[in-house]
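So, here come the structures, one by one.
One chain, chain A, links the two complexes that follow: it is found with chain B in the first and with chain C in the second.
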Partner chain A sequence: MKTTDRNLAARIVAIRELPALVLFAGLFVYFALHAPEFANAADLADRFRQYVPQAMLAVALTLIIGSGGIDISVGSVLGLCTVVLGAVTLRGVGPAHACLLAVATGCAIGAFNGLAVAKIRLQPVVVTLSTWGAARGLCYVIAGRNTSITLPPTLSVLYESPAPIVLAIAVILTGVLILHSTVLGRGILAVGGSEQAARFSGINVAGVKLRLYTFAGAMAGLAAIVTAGWMNTASTEAGKGYEFEAITAVLIGGTSIYGGEASVIGSMFGVAAIAILSRGFGLMAVSEHWQRLFLGLILIASVLLDRLRRSYELRVAGRKTPGRDSVVEVVDVN
Partner chain B sequence: MISSRNRPISRVPRELPILVFLVALCLGLAAANRNFLAAGNLRTMGTDAAAIGIISVGMTAVIITGGIDLSVAAILALSALIGGGLIAHGSVLLGCAATLATGLACGALNGGLITIARMPPIIATLGTFYVLQSAATLYSGGNVVYLAGHLSCLGSGYAPLAIMLGVYATGHAVMRVTRIGRYVYAVGGNEESARLAGISPARVKMTVYVGGGVLAAVAALVTMGINDLFQANDVMGYELAAIAAVVIGGTSIMGGQGSVLGTMIGVGISTVLRNGAILTGLEARWADAVVGAAILAAVTMDKLRRR
Partner chain C sequence: MSTRLALIFVILPAIAFGVQGCGKSGPEQSASSASKRTIVFVAKEVGIPYFNVCERGAKQAANKLGINVEFTGPTTGGDVAGQIRIIENQISRGVNAIVISPNDPNSVKPVVEKAMSRGIKVFTWDSDAPATKRIFYVCASDDVGIGTEIMDRLAKDMGGKGKVAIMSGGQGALNLNLHIEGVMKGLAKYPKITLVKPIIYNNEKPQEAQSGVAGLLQANPDLAGIACVNSPGPPGAARALIAAGKAGKVKVWGLSLPSENRDYLKSGAVSGLILWDPAKLTFLTAKLVNDYLDGKRPTDGMEVKGVGKLKVKDGIVIMPGVVITRQNVDQFDF
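Now for the complex of A and B:
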């Protein structure tokens, strides 16, 4: 009897998306009860649409954090791509080409991060902290006096169409497929579990990392287009703080900051919870600073939760099988 | 990565190249602009450098243990606003004590998350950065605190420069002479062997983050003294500037190597560069981009030196 209890508990703990799902459901119920206008479907859908950029960044960050790395620069890179979009539009480039250039800019910065991390073997924290500062600085340099450029209506028309949602779903599916059905996905989790072991088992560690950071740059470029469509302008301030929201969503979603375990769907629950939080707090006229404070606490709490889960799983694994080697098994794909 | 640590590192002091660069920079600027060496300009530079300079000392120790602190600017803001309110109403000593106590408590919070909860420093301090920065804005309601000249003794004339140099002298002595200073290097060099040698890495890290918090509070007092007013957003980005100064100063981001002296030169370089840019009429908007590039260059150089 007792063992089945433990099995059940272990199985519940093993659902890594659970905290994000609980947070999402809890906030939803709370706001639905306390803010009468909250459950308005059209407004809610509108808020989710505004969080499409964060969702795209969160997909990329899920993969990067799952590989044991981190990318703090995504918000600033998003800003830079937006400014590039605006600057080339100002010089008469059509929307399609401007969007391509924005994504190319993102890819270039992402590849730069990737080369520094994978080839020069610098620490991801430092590399992306530098590009975080440098990309935001470049925003101001490129924009000059045009700190907010009005864009042609094409992008905002596209934003109002189902296009952002379709794009978001495509990105999420890509993330899930990469993680669970490709060699690259296996490599990501292997590198995150133990870089040395991954190298010894013949995985091209540098190649995995280079692709991941470039992917994150591309996602920042795509997200920049959506952001520009939403705001109808290219602003030097675009994407400020998005990295924080995306990282928080990823960590509450059950991806481990220590690498080796990741869930794209969990991250999406995390983004949804943050979107609901911003709408609910907005309706209840709570300052955005409270919201950020709350998010900071969630970020810290989710890492603590991850640690607790790890030590619990280690304990359970230790009891089930006497051999200590089996403890390594905790680094599971699920 | 570990094996490259065992190789002998060249005998040239790691601070020498950047010191040469700083001197060359100063000579160049002095030749280009007569005002550079004027007493007034030196005082201005000392005042500009003070706050970032002071928090950079704490950041040096944090980075030498292999950690990082993204929350220092937020600690500075929160402790300034909590103490500043009291100081503005005339209770100067109580206000200063409150500022220092806030800094200490925030540093202990970081230290607790990193040592007791064993969170990676980057995530723990990213979390506290947002919590403390928001708390600072909420506490002040976004309003400006006016100090009514109560702290002007800390901010006028050469006082900021003197306080900064005092902090550097103390920091240098602590890192070179005392036991805890040596422990900081030991933990950063190899945490496991430090532990086997009987050092408690948790206690060393706790000390380092608490020290960083207290120094942020000292910087808060100096900043309030200089400006005579304070707002939650005033010091945004100081954490990046401090990390830049430390890394440019030759402290290794991988931990275990570096010096407070090097950081002082790093602060000097960034201050002189900014001052020179203003004197020669360059635009300030390049600043962020240059700081980011400088960190990358310094880190790459450190990596190459280790190969």
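Now for the complex of A and C:
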């Protein structure tokens, strides 16, 4: 009897996405009960649509954090891609080419991050902190006095269409497929579990990392296009704070900060939870400071939960070894 | 032991959540009681001294006008997306009027249109969004004129010659860029004064203001004056000048609060401030918006008690400003 209880508990703990799902569902119910305007479907859908950029960044960050790395530059890179989009538009480049250039810019910065992390073996935090600062600086250098450029309506028309949702679903599916059905995905988790072991088992560690950071750059470029469409503007301020929201979503979603375990779907629950948090608290006139504090606490709680789960799983795994099992049997009989 | 500690951390957010649930009931009730008119101010950023003083004016207006006046905004400077989401929350709540100081003048265009289409009146104060359909903009002195006045006063203090530098806040803020334009306009009148490039941006942070000026002094030992167009500028410049032993030798004029500069004005590290009372500006805005909702529009030359004579032109309402020096600084309590 006791053993089946324990098996059930272990199985529940093994569902990495559960805390994020519970948080999302809990917040949803709470807000629906406490803020009468919360459940307005059109406004709620608008809010989710606005979080498409963060969702895209979170997909990339799930893979990176799952590999034991981190990329805190994504918000600034998004800003840079937006400014590039605006700057080339001002010079008469059409929307399609401008978007391509924006994504290319993201890829370039991402590849730079990847090379520094994979080939020169610098710490991801330091590398991406540098690009976080440098990319935002470059935003202002490129923009000059044009810090806020109104774009032609193509992008905002596209934003209002189902395009962003379709794009988001495509990105999420890509993330899930990479993680669970490709050699790269197995490489990511292996590198996150133990880089040295991965290297010894013949995985191209540098190649995995380079591809991951470049992918994050590409996502920042794609997210920049959606952001520009939302605001109908290329602003030097675009993407500020997105890295915090995206990383928080990933960690809430059950991806381990230690690497080796990751869930794209969990991250999406995380993004959804943050999206409704910003709406629900706003409707209840709770100050922004409280919202930040609350999000910070959720973040630390998620990291702690991850740690608790790890030690729990280690204990359960320990019990499953034959020697230990017989000891447990003896105790049960007594 | 450590498990228990960890559990406490997990529970903490839940408690914070619960506390919030109790704390919010007050404002929520008053906001949703449909009989009372609600005007919401959305600042560039909440929690910084300038907007804290603005908030005081909003509270005064609530008491005096017998309406509900709320004050909110993002917690991070330059957070364009956060600000738009906050505005959308107000739209969902169905408030009567929204008054914005936009972080980016063009990015708020779609959300302003959305609000207006739902019958919510939108205004700007402190910083404008001229491309939107906002009803009117309330500002203190005109944005360009205040920059010119700073430069005029500074030029007089410098004896009409020498090197001058400009310090601003965020590169995307329209009002600050207009102040800079005003400084440039003033500068053109003094052929013996040369401008040191580049413009220093302190991102609304006192530390960056101080370090920016420290660097400036090293690069230009013969600097004679600094024109500051945002509030952390003058006190930051003063601290850097005192550290470099150049207080009083390099003249500082700018926009800032008396409370942040009282000691520096008295010691001569800051020569003077051109300013308005942000609380008064916000109070006036709330009053004009309230009048507008009653069907009364502001007119050119109208006298407002405790504020002075207003200039009204092309949807822009200008409140008269004041000059603060060491002689009169103690008359101001903000």
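Just so it is clear, the second predicted complex is superposed on the first by the 321 of 334 C-alpha atoms of A that agree within 3 Å, B and C clash if a C-alpha of one lies under 4 Å from a C-alpha of the other, contacts with A are read in each partner's own complex, and residues count from 1 in each chain.
Keep this in mind: a residue touches a chain if its C-beta (ideal position, glycine included) is under 8 Å from a C-beta of that chain, and two chains touch if they have at least 3 such contacts.
If you're wondering where the values come from, they're calculated on a predicted model, not measured in any experiment.
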Quick one: on chain A, after the overlay, do chain B and chain C clash, or do they fit? Just give me the call.
clash
Does the superposition put A:145 against chain B (first), chain C (second), both, or neither?
second
Winner by number of chain A residues touched, once chain B and chain C are compared
C
Looking at the overlay, what does A:133 touch: chain B (first), chain C (second), both, or neither?
first
Between chain B and chain C, whom does A:125 touch in the aligned arrangement: first, second, both, or neither?
first
Tell me which partner A:233 touches in the superposition: chain B (first), chain C (second), both or neither.
second
If you stack the two complexes on chain A, which partner ends up touching A:194: first (chain B), second (chain C), both, or neither?
neither
Just chain B (first), just chain C (second), both, or neither: which does A:174 touch?
neither
Partner chain(s) touched by A:247 [first = chain B, second = chain C, both, neither]:
first
Does chain B (first) or chain C (second) touch A:204, or do both, or does neither?
neither
Touching A:304 in the superposition: chain B (first), chain C (second), both, neither?
both
Clash list for chain C against chain B, restricted to 44-52, 80-88, 152-160 or 314-322, contains only 44-52
Jot down the residues of chain A that show up as touching in both complexes, chain B in one and chain C in the other.
140, 287, 289-290, 292-293, 297, 300, 304, 307
Contact residues on chain A for chain C in the complex?
30, 34-38, 40, 43, 46-47, 50, 140, 143, 145, 147-150, 156, 227, 230-233, 235-242, 278-279, 281-294, 297-298, 300-301, 304-305, 307-308
Sort out for me which residues of chain C touch chain A in the complex.
3, 6, 9-10, 12-13, 16-17, 20-21, 23-24, 27-28, 31-32, 46-47, 70, 72-76, 78-82, 84-86, 88-94, 103-107, 109-110, 131, 170-172, 174, 177, 201
Looking at the complex, which residues from chain A come into contact with chain B?
70, 72, 116, 120-123, 125-127, 129-138, 140-141, 244, 247, 251, 257-258, 287, 289-290, 292-293, 295-297, 299-300, 303-304, 307
Chain A contact footprint on chain B (complex, rising order)
1, 68, 113, 117-120, 122-124, 126-131, 133-135, 137-138, 237, 240, 243, 247, 253-254, 285-293, 295-296, 299-300, 303
